[in-house]
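The next part holds the structures, each set out as structure tokens.
The two complexes that follow have subunit A in common; it is paired with subunit B in the first and with subunit C in the second.
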Partner chain A sequence: MEVKINNQDGNATAQLIGRLDTPASQEISGDFETLAQYAAGTIILDCTQLEYISSSGLRLFLSLRKAAAAKGGKVIVKSINKDIRSVFMMTGFLNLFEIQD
Partner chain B sequence: MKKHKKQRSLSTKLSLWTVLFAGVIFIAAHGVFFNESRLAVQNAAIENATRILDNTVLRVDNILTQVKVATDNTDWLITRHLDAPDSMFVYSRRILQNNPNLNGCSISFEPFYFSERGQYFSAYSQNVGGVIRTTQEGNDHYQYFSMDWYQLPKLLERPCWTEPFVDFNPEGFSSNDMIISYCKPIRDREGEFIGTIAVDLSLEWLSQTISAVKPYPNSYTIMIGKGGTFFVHPDTTKLFYQTIFTQTMLEPDSAITDLGHAMQAGEQGYRELVIEGENSFVFFKPLGDTGWSVGLVCPAHDIFGGYYRLINTIIGIVIVGLLLMLMSFSSILTKQLEPLEELAWQAEEIASGNFDEELAESNRNDEIGKLSNSFRHMQQSLVTQMDELKHVNEQKGRIEGELKVARDIQMAMLPKIFPPYPERSDIDVFGQLTPAKEVGGDLFDFYIRDEKLFFCIGDVSGKGIPASLYMVVTKALFRTVSSHEASPEKIIYDLNEVLSHDNDSNMFVTFFAGVLDLPTGRLHYCNAGHDAPLLIGHTGAGLLPVDSNLPIGVMPGWKFSRQETMMDPDTTIFLYTDGLNEAENISHQQFEMTRVLELARSMQQQNDFKPMSIVKQMTESVRQFVGEADQSDDLTMLALQYTKHQENLTYQRSLTLTNDLKRVPRLNTFIDEVCEANGFDMAATMQINLAIEEAVVNVMNYAYPKGTKGDITIETKANKSELSFIISDTGKPFDPTAKAEVDITLSAEDRSIGGLGIHLIRQIMDHINYERVDGHNILTLIKKLGK
Partner chain C sequence: MKKARQLDPHCEAILREYQDNLPRFREVEQEVKEKLRQTLADAGLLVAAIESRVKGYDSLAGKLELKGHKYSSLADLTDILGLRVITFYIDDVDKVASAVERLFDIDWENSVDKRKIHEIDSFGYLSLHYICKVPDFPYRFEIQMRTLLQHAWANMDHDTGYKSGVEIPKRYMRNMSRLAGMLELVDDEFSKIRIELTDYRRRVQALVRSGNLDEVPIDGDTFRSYLELEPFSQLNKRIAAMNQAEIQEVSLMPYLAIFKAIGLKTLGDISNLIRDYSEGAYQIACYQIGLTDLDIISSSIGPQDLCIAYILKIGGGKAGIKYMFDQLNGESESNETIAEMLLEQSKDLPFMNK
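Let's turn to the complex of A and B:
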């Protein structure tokens, strides 16, 4: 699992690459703490290359979303595949995030 | 209109009776009075008539005596002066002169008595209108010695009265009047008959004298001679030609005949008889020595005229009086009974349902006043009573309506679709609740969660509404608690904690809760003071052993014990409330457990113990036993039959991992292979992967405390229809199914971080089931094939 973060002007874009299973969530939790620093701005989570997400991954997403909500920023989830979209649907995450294709 | 008729009839009846009564008294009194007074009048009339008749007879007697005296006075002169025939004229004349009432007088001698005067010598004087004429009578044409008046004294040799005759003398100056004569023989000194002196009396004059006295306007006098001939009668045609008997020859009349005979016989008296069609009294008396009889005929209506007038007047007064009495009575009664009429009308009004009729208070002191006031009070209290009754009825109706709604609500809370799980082959359930009243305190429930059948039966103490309220709470609590708690003793513990606190009314529930693990057939149960259920299976029928726990609601903090058994295939567990074994018939005998067990054994022997069949047979048996008696208690039965799944495995693999998150990718590889082998596509495979990962990670995180080592075994099995993952570990008891569901509709701020894993498992898998068996957590996840 790999996370590439680009930041500019208080906004950040993170590219999530690979399977975000439970162990992977532990691995990248530091990256999400980094992203949380941009919670006042716009954080784009680019999921183009995200293959899988477990509830641990979803928790990272939700924590970031809560941080952004607290600081007035927003989290945009970009280009999720069909399988992950169905997971988002099952968990009600489609309503919590701004989803971009 | 009707009321008037009734009213008039009462007052008229009373008046009529009164007047009738008075009338009868009047008639009786007047009847006596009339009778007595009639007799008095009659006696007075008889007395009066008799006196008048006596007077009349006396007067006639006087006249006749006068005639006799006059005759006798002349008699001796004649005898002395027989030598001077001419003196006879003087004597004859003198009699008339001295007695102006006399009609005539003849002094007649035997032929040739005075030879010088020839054959005839009769000195005759006659009073014609006050002028006395005297002549010598007798010639060849009128040979007087052949006349009655001459012959009778000669033959009788004594003086006598002739019958009336017409004073007819063809030569002389006769008057043609009817006369009677007093004749007396003239004798010489030797006593030899030499002639007759006859003094005439006008019958008309006599008649006038007799008839002069009229005691009654229509009374008249009659006189009859010796032969019964009428000498005096107002009808002159009858005179001399008819006798008193003439009439009886045409029409026999014993009364008249008797009267005639009495008068002829010279009797004195009176007769009451009908004369010429008129009721009359005839008073009669003989007239001296003449042999004649005088009668006074008095019509009864004359005698009783005054009496009848008096009677008529009295009757008139009585009739008018009675009529006036009737009218005034009727009017007074009508007026007096007016309040009754009013009452009758009001009673009718009230009878027709109009209770609001205002009744005035009567100020009369009599019975009618009392009746009016009583009636008024009755009406007032009737109005009050009716209002109360109406109120009570309305309330009752409302309560009944509400009870019906309550019953509907209560019944709707119970499972009512049978069979409840037609798609399942492993479980069959049938339940039935019959409350003794509209609502009851019995309850039963069952449902399947995570491949576990939760079921319960309970009986709240008491009956009716209080019990039903407790029942509703109990049932709702059972659902709530069991939604996250799969241990029956804990479910009951929680129920007891809630229901025993603030239990002021000391209600309690006997309760049996069971949790049947459908994949394994393991039954956990807890009995809180309820009757032990029956188990009916292929090997026999008997009671399920139960611990004696307190009923729910009695004591907070009570630790309820759990029991466990394995359900043999096809075994039915039959639960019931005491409405079954304590059902009473008319003689208050109970159905009792022996009968229940007998029936269960008989069904077992006939291999007929399907849930519905058991409940129906029990119901019918109790119904027959109870007969006509009212249902004494709520009756509830619940039967569940468990049939274990046939395995018929088509696929089987397993994997054991240590509790290390780093082992997750190994798990993912394993799941991918299993899914591929069972024909799931990429998307489904990813989801199943997600579900199993979540379940395994849960075990790693929670069953094994940090720093402890343990294994997690994932066993996969597939039959034709489904793929099962059985995840087992030896960690501490951990039931992920007992977690409350996350609410995915909440906003990001409100959502909790946790709970997503079990939520995803439930979303992805078709069934989830947790069991803690022999120190193992066993979580079974099932995904249907071909989905």
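Let's turn to the complex of A and C:
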């Protein structure tokens, strides 16, 4: 699992590449802490190359959403595949994020 | 630029005292303003603005030039530091006043309630002025309290009349008085609306608590009160128990629009939806997450699956489900894919075949 973070003017975009399962969630938790520093701005999670998400991955997304809500920023989840969208829907996460195709 | 003025030695002395104490006035200005802001915020009292200023050198010199003989020292001037609290509602002026009374010592002899000085048939400047003191600062200061509309009127009157230096035609004064009367009425009306709304909310909350949900129409206020009863909690817990999942509490307010869109009119209708469709919603959730290891769900899963069950059962089909997700998440082609998937899955579920 790989995370590529680009930041500009207090906003950040993270490309999530690979499978976000439980071990991968632990592996990239530091990257999400880095992303949380941009919680006052807009954080885009680009999921074009994200293949899978587990509960641990959802928790990471959620922690970022909470940080953004506390600081008046927002998290945009971009280009999730059909399976991940389905996971978001099944868990009631779909309307927690601004989701862009 | 300081204007050259002919001031006597007595007034010059007052001006020097002013300049010597100016930094302290500015400190007290910030301290008093912050105290006021914090106290009003703690009391949940939303005000339009808290303004403050320390009188400028020229303004004070001008005042002394005109009536310097009235003041024996700077301490006799009560408006060197002035603050103004502008409220939205007329009843809030008194609430701000009581906060000011608690925070500072009030010089009652010199404080004026200009709201009470008018005869029954005259209209004009309405504002409450308190002359205040804080410990360890020898100078008094003024806090003015008034509504936004009173403030608008006072500014208009001040700008167009008082400073122009020409005699004001009677017609203008009469028009300003007419406006003052009208704004007084408007202030009262705003206040009445707020009282009526508060009363409406209380009645609705009482109806919700007493369980008379059929009598309560669905709107933002009533739905919010209803959510305090955690109506979806039982269903959410049942769904969560499947995978020993944790439930993340989220706002369910977005479902207000969905419930209205599917034709529910009263809180009783939502209650009936929960009663009649919880089994269907549970079957949908079971089918979807029962065989996964997903152990986190949001509290919106209950209302979401209830709406899906209802839409599918009444034949709303793919279009109905897509419409729901479009409303919740913004329009997207992907919502159609989800709707298709749900339609397909539901064919095998017992509640659809009853």
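Worth a mention:
To be clear about the criterion, the second predicted complex is superposed on the first by the 101 of 101 C-alpha atoms of A that agree within 3 Å, B and C clash if a C-alpha of one lies under 4 Å from a C-alpha of the other, contacts with A are read in each partner's own complex, and residues count from 1 in each chain.
Following the convention adopted for this analysis, a contact is a pair of C-beta atoms (placed from the backbone, for glycine too) under 8 Å apart; a residue touches a chain by one contact, two chains touch by 3 or more.
For clarity, every value in this text was computed on a predicted model and none was experimentally measured.
Judged by the touch definition given at the top, the superposed model places A:63 against subunit B, while subunit C stays out of reach. With both structures placed on the common chain, the touch criterion links A:101 to subunit C but leaves subunit B unconnected. When both complexes are overlaid on chain A, the residue A:55 reaches subunit B and subunit C alike.
Touch criterion met: A:23 reaches subunit B, while subunit C stays clear of it. Within the superposed three-chain model, A:85 lies in touch with subunit C and out of touch with subunit B [touch as defined at top]. The larger set of touched subunit A residues comes from B, when the choice is between subunit B and subunit C.
On subunit A, the surface touched by subunit B in one complex and the surface touched by subunit C in the other have residues 54-55, 58-59, 62, 82, 86-87, 90-92, 95-96 in common.
Interface residues of subunit A, counted against subunit C in their complex, comprise 54-55, 58-59, 62, 82, 85-87, 89-96, 98-99, 101.
Within the complex formed with subunit B, the residues of subunit A that make contact are 19, 21-23, 26, 52-56, 58-59, 62-63, 65-66, 69-70, 82-83, 86-87, 90-92, 95-96.
The residues of subunit B lying in touch with subunit A in their complex are 661-662, 664-665, 668, 682-683, 686-687, 689-690, 693-694, 697, 744-749, 751, 753-754, 756-757, 759-760, 763-764. Contacts from subunit C toward subunit A in the complex involve residues 245, 248, 250, 254, 285, 288-289, 292-302, 304, 325, 328-330, 332-334, 337-338, 341.
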